[in-house]
Amino acid sequence: MADENMEGAQADALARRVAETLLAQEGTGPAWALQLEEVREGYARVSMVVRSDMLNGHRIAHGAMIFALADSAFAYACNSRNMATVAQHASIAFLNAGQAGERLTAEAEELSLVGRTGVYRMVVRGEDGRTVAEMQGLSRSLGRPVVEPGGN
Amino acid sequence: MADENMEGAQADALARRVAETLLAQEGTGPAWALQLEEVREGYARVSMVVRSDMLNGHRIAHGAMIFALADSAFAYACNSRNMATVAQHASIAFLNAGQAGERLTAEAEELSLVGRTGVYRMVVRGEDGRTVAEMQGLSRSLGRPVVEPGGN
Amino acid sequence: MADENMEGAQADALARRVAETLLAQEGTGPAWALQLEEVREGYARVSMVVRSDMLNGHRIAHGAMIFALADSAFAYACNSRNMATVAQHASIAFLNAGQAGERLTAEAEELSLVGRTGVYRMVVRGEDGRTVAEMQGLSRSLGRPVVEPGGN
Amino acid sequence: MADENMEGAQADALARRVAETLLAQEGTGPAWALQLEEVREGYARVSMVVRSDMLNGHRIAHGAMIFALADSAFAYACNSRNMATVAQHASIAFLNAGQAGERLTAEAEELSLVGRTGVYRMVVRGEDGRTVAEMQGLSRSLGRPVVEPGGN
């Protein structure tokens, strides 16, 4: 039991390190002021404030920026086992508007993992907890690590 | 025949005016340096250069920015009849990487229009013509115009 | 607490009655020998044996029959509040083959409900518990009941 | 030019032979009385009459049978180059009802082919030409032929 907990803690620490590495290497996360809220094995939660350069012509959050937040959570979750993994397909339903100035939060959860293919659910929520979008993501692992496993 | 051509030309001019209005009102298009290449009734083609703030951790175009380009073409095409229309659902397949510095082009084409619901195909291509992504979009019209129909 | 439980039990009984009504009225469920395993508010689990008339050219379960099972669970779950509801969109990932003679089980779970629009996750599993498919479904309520609410 | 035409004709004849072979081997096509209308390289058109065992609880064509028709066209189109190919993902929008007794037709068209991955558009239409459904399909080739290339 103690060993299992220790393994779980190590797996979660690795997941966190991978996400921090990806965030540091990418251009998008810093450009969007993305915040890593929580990362564990097969799971990630990130948030972002809807800025004026993220609004569409109706002055609400552009669907692509809602997708961007969900897709980022997806990336950190599907790379969390330190296997470099890319999105193959994503399917997103837009349910409520995201408001200007609002902090949106996206949660990514692993639903299934079969060989190199993973299926993830992402949900984007507003500050009041309402659902803004639901995404289904299909990932494919490339068979190489993201960070050096022994490193820290 | 001449009348049909004139109607078609007017419809296309309106489509262009709607797209220019949306682009001027939105925060995203200017932020991404989006370029309107062509807009007609039920059709739009836009392009964008992949900047360093659009790269993912692998230093290629972030999937969300590929989605953003396709989604923008989708928006201009589904609003082209001057009926305010929003994305309900989008389904995207990522097929090739987009390179840093490369100009990507997204083309949106109306496949079906049934009542207030439309289905669109978006294809994103690289400079060499290779397919970067294919998107299926589902739109819903809100029943009000985007711009004043008589205006110019 | 007791009242909540009673309300929950009544809601679940209604969900069951709606599913049984739909199954009795439809041509497909009986044709596929569909079995209602469990139906509750916002949830349904159904199963089906893969017969020879459900096989594709590779002699494994045809993807459309895997979809059919998931889609049936979706229908019973999204109609479970006794509001007639139809599928607008479905997005399915095929992950493992379904074998001839195998009993497949599909579970539908409500993820989000916003106005008339619902989002559901369906997962299809084989007898050994492996994931065969994952589906995301988007539903739209029609604003009328399926069965007479007071009936039994 | 004559050579190109001959090659095209041979490719189309092979596509037809592959589809006929798949249809003869599968349980589903004959069970649904599927009719091969036209098969060419990267293209297939099939039709089916909506029987009473294909109706849902509202007595219109079950969404899964509309999917089944589209998915069959998808299969014949993505196997048309005589490379055994399976569906990885499908995304379907339901736009109009299919009526009892109506012959529905599904057309599959190849949009993109990148390595082993293909993207296809399927559209299902009713007898009056209205669009019943639009599907986006993602295929993956398995790297082996369906029929013996030299055979007939």
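Every chain is named by a letter (A, B, C and D) in the order it is written, and numbering of its residues begins at 1.
Everything that follows uses one rule, which is that a residue touches a chain if its C-beta (ideal position, glycine included) is under 8 Å from a C-beta of that chain, and two chains touch if they have at least 3 such contacts.
Since we're looking at a predicted model, the values are computed, not measured.
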Name, by label, each chain that touches both members of the pair subunit A and subunit D. B, C
Based on the averaged CA atom positions, which chain is farthest from subunit D? A
From the C-alpha centre of subunit A to that of subunit B, how far is it in Å? 25
Compute the distance, rounded to whole Å, between the mean C-alpha positions of subunit B and subunit D. 29
Expected list for subunit D, residues touching two or more other chains, is 88-89, 91, 93, 138
Taking the complex as given, what residues does subunit B use to touch subunit C? 88-89, 91, 138
If you look only at subunit C, which of its residues touch subunit A in the complex? 89, 91, 93, 95-96, 111-112, 114, 117, 119, 121, 123, 130-131, 134, 136, 138
Residue numbers on subunit A that touch subunit B, as the complex places them: 21-23, 25-28, 30-31, 51-59, 62-65, 67-68, 71-72, 75, 84, 86-94, 146
